[in-house]
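Look for chain A in each of the two complexes below; its partner is chain B in the first and chain C in the second.
Up next, the complex of A and B:
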């Protein structure tokens, strides 16, 4: 890559490495240790080596949480990517100025926390503001009603959360896409839709898979929307992690669940990297 | 796909993205202390209340202090790391880059719990310092990615030339490299600040009951009593983000920062 290798560069890396080790690697090591600790009533935890926190994963309680979390995240990820792909594609073919304006807006939405997204959607779907009122006003329903909390409102929130990230992954790839390829397909007589499906889509498969996995991991990590927009039976793994850590004061069990969530996420990210490399290898 | 259909699709998606924010903006100007839409009357008093009511003003102060210091600290970690990675290259550099972005890529609740057990262990649980440092580590990824993108633009012959003419590494950095990457350093800083302002779970886990930030305050109000101030904060957050990212786009090339090729300028 770069021919320059001089030992004098080392001091540069000293501070960042120290900071990341102390404040990121250590916390993880401690969390891993704590996941084997024993919980102390009314306090935090005491050192021990127990597998009991992990054994609780085998209960139906935990199985249901896991199924809910994965089902919600997978559904949201599919909806997001199905919408974000054509969106990014069309966006990348607009004028540069229009692209910038829309990207600024997408970035602004991306920066919003789950608190604000949850609050905004619960307002939009509430009885006194938003669609409940609107449907009543145009005469669609007799009396205004709330559309939240519920499964649909939770999914809307998750899609809203994940959409900007999908654009972030897909947009660079589609804007680098060679415009002449689909044109060539069209000149050889393929319809626009067919050119899109048989030429554009296969080239984009890698970033689509990447976006799917990223959005899945992101929405799997959602900890607040299920509380604000869903009902208790829609609570996902991160909600239970927060609940155990803060309200049940069971940090060891929370840590064990966090390690599990971490492993699932890492496995998925690893999978996306492998898929990406294979594709790259195949195409060159 | 015809042009009309394309524009219609983009429009529909934008409506989906704008609708909740639009309703929140409407709710924020209610005259009574209720979340009505269309709003009952028009008043900007809830924007003033944010600065006047003690709990909200405190949360605002905490949020701004945390975001500014965390942003600075994140850049202080990311800038030397990006320079090291850029000038060294190789496997170690890639591993360090991975370490730098990992806190941001993991599920936030996992990072948050990691920070929680760490601050309990060192006895700073509940201290605002814990929130600042945790945010800085969490957000290091943003300036790291932005500065690395900027460094890719720096042409190495330029540096070779400066070195040949006798400039030492420090001088080269000060006179050649830094001016070129300055916009990227600033973008990285503002990205970190905006995301820190919005961040909830880490702030909540490490010091949620003592150093209350605006997102924590909003979430508490969602549970224990709605007020249009929540909507006012949401509107201010969206505007801050739009102004900041708009400025980044105006000063630099946002599509390029997103990774689009400059050569494809239509």
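Up next, the complex of A and C:
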């Protein structure tokens, strides 16, 4: 009897490869090329090879914008993870049914677009219809006031946007955590707090790093929330990319900024992975 | 060598009583096995002793000192968990040194103590290895070494060998028992395996539904089970419904059978009872003349080390076990004579 031949599966891989090329590599290559093109005043752009678009970054103006963008994304990522870790921990210890209800709710937040989230928060924090009226009503403040735009309202929006992603990364790891591990630390003489710091946290380090990177990269790309909830000085690089591309019709400069943002976030992600691995190596 | 007293201890989890009014005196330096089916409360009892659970009622005393209100991390006990709970981010040596480091033991002292413990558990070459590089038996040894690192006053083990395969488990049972005798440390082991309990324990505590049914030396639990549950749980036993007609006799199979001793002879009166008799005390005789009872052979199973014969006597199934040397020459369907060694039987509550 002939052994049954395995059907060749490689043609199946063609589709994702083709899709990736058509929908990801091509647009990316076009953007890379455009970033070197020359802008035509009052028109579009013409093929060229010049570095002037990139050289514009070297001004303090863009340096400040980049610092603002990275600072905002990093702050949001840290707040999100600090909130999502205990949340996931408590969630994983609840009853099965409650867990799935809450998870479905958290995941449904992912279906909201940045626009909806932005305007919802902007309404909530406004003077006329916002939470300030509630504070006034229960006697917390003298007169209702607006809490938006501002740094706090922008951070609230970014945290809201990133929170479900962090739970998505941290929750599975927390629910897989052997509950006897912290107990073993306690039987070894560690107080609950020390058990958490010396056993639970180090074991969870990988997923915490993963959540930090994910939320950082995700909020770094936010371009609507800074405009809706922030002041112009909180405008991030993506806001300026939108501005250049749509309102200034300077597609080459917008493309160059996008390339720059991509490289910066890649570098930061790479750096945090290297640091993470080094610490892993140090404890070996 | 710390003695342990448990006084009317109870633990209720949301309406479910896991440990029900347990009293227990455990002398220092002994190995105690808490034995029972799953859900009998043995693990909860161990966790109460450890301080990982708060009792609903009752007290635990170690060397006469009440442990109420002392958190687990201040009790200075060592514990081996069912999952072993070795820290995956630490090496073997770091795992064992963890309790020492927490207590601020100096680095040099730490290292020599870890070496000593690794020799004790027969893993002298492993200190730098990672946990995931170890076999099941090696992990077991690391967990034991970590629990013993601080010379604990009590050594607690929650089904410590359940993850090992049968051969290794038997081997570790013997080793653990020898280790305990060398150290003379008061040890409490939770197990559902009666062979494990018989191998290791100085005292077996049989539990069911949160209650202690019997606490005695293994052979005593085997020979004089307190009730039919204990008789059935420790080894296999024939449990025969009978009527107790006198202090030392029961009526079964339409005959009066003398039973020289039964547990609780003085307390139990005349009435319904169970006669518990071990398979090795049921002897099958092919000749019918001298036999007390007659029965038919229903099934014969030759296990190599022993021969089991399933018998039917007046509708009751009896199990007989004999060594291959004494194997009676019988076949299925045959009517045979049966001799009961009632001097080793016990009368228990029904």
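The rule we apply is simple: the second predicted complex is superposed on the first by the 260 of 284 C-alpha atoms of A that agree within 3 Å, B and C clash if a C-alpha of one lies under 4 Å from a C-alpha of the other, contacts with A are read in each partner's own complex, and residues count from 1 in each chain.
Going forward, contacts are C-beta pairs under 8 Å (C-beta built on N, C-alpha and C of every residue); 3 or more make two chains touch, one makes a residue touch a chain.
Just so it is clear, the model here is predicted, and its values are computed rather than measured.
By the document's definition of touching, neither partner reaches A:75: not chain B, not chain C. When the two structures are aligned on the shared chain, A:180 is found in touch with chain C, with no touch to chain B.
Residue contacts after overlaying the shared chain place A:209 against neither chain B nor chain C. After overlaying the two complexes on the shared chain, residue contacts for A:242 are found with chain B alone; chain C is out of touch.
Touch criterion met: A:194 reaches chain C, while chain B stays clear of it. Within the superposed three-chain arrangement, the count of touched residues of chain A is higher for B, of the candidates chain B and chain C. In the superposition on chain A, chain A positions 192 are in contact with chain B in one complex as well as with chain C in the other. Across the interface of their complex, chain C is touched by residues 178, 180-181, 183-192, 194-195, 198-199, 202-203, 205, 283-284 of chain A.
Listed in rising order, the residues of chain B touching chain A in the complex are 1, 6-7, 9-10, 13-14, 16-17, 19-21, 23-24, 26-27, 34-38, 76-78, 80-81, 83-84, 86-90, 96, 99-100, 102-103, 105-110, 113-118, 120-121, 133-134, 137, 140, 156, 169, 191, 194-195, 198-201, 204-205, 208, 215-216, 218-219, 222, 230-231, 233-234, 237-238, 241-242, 245-246, 249, 254-255, 258-261, 264-266. Against chain A, the residues of chain C that register as touching in their complex are 50, 52, 71-74, 76-79, 81-83, 85-91, 98-99, 102-103, 130, 146-147, 149-150, 156. Chain contact summary for the complex, chain A toward chain B: residues 1-2, 4-5, 8-9, 12-13, 15-17, 19-20, 23-28, 30-31, 34, 44, 83, 86-87, 90-92, 94-96, 99-109, 111-124, 126, 128-130, 133, 160, 163, 168, 171-172, 175-176, 192-193, 196, 217, 220-221, 223-224, 228, 238, 241-242, 245-246, 251, 254-255, 258, 261-262, 265, 269.
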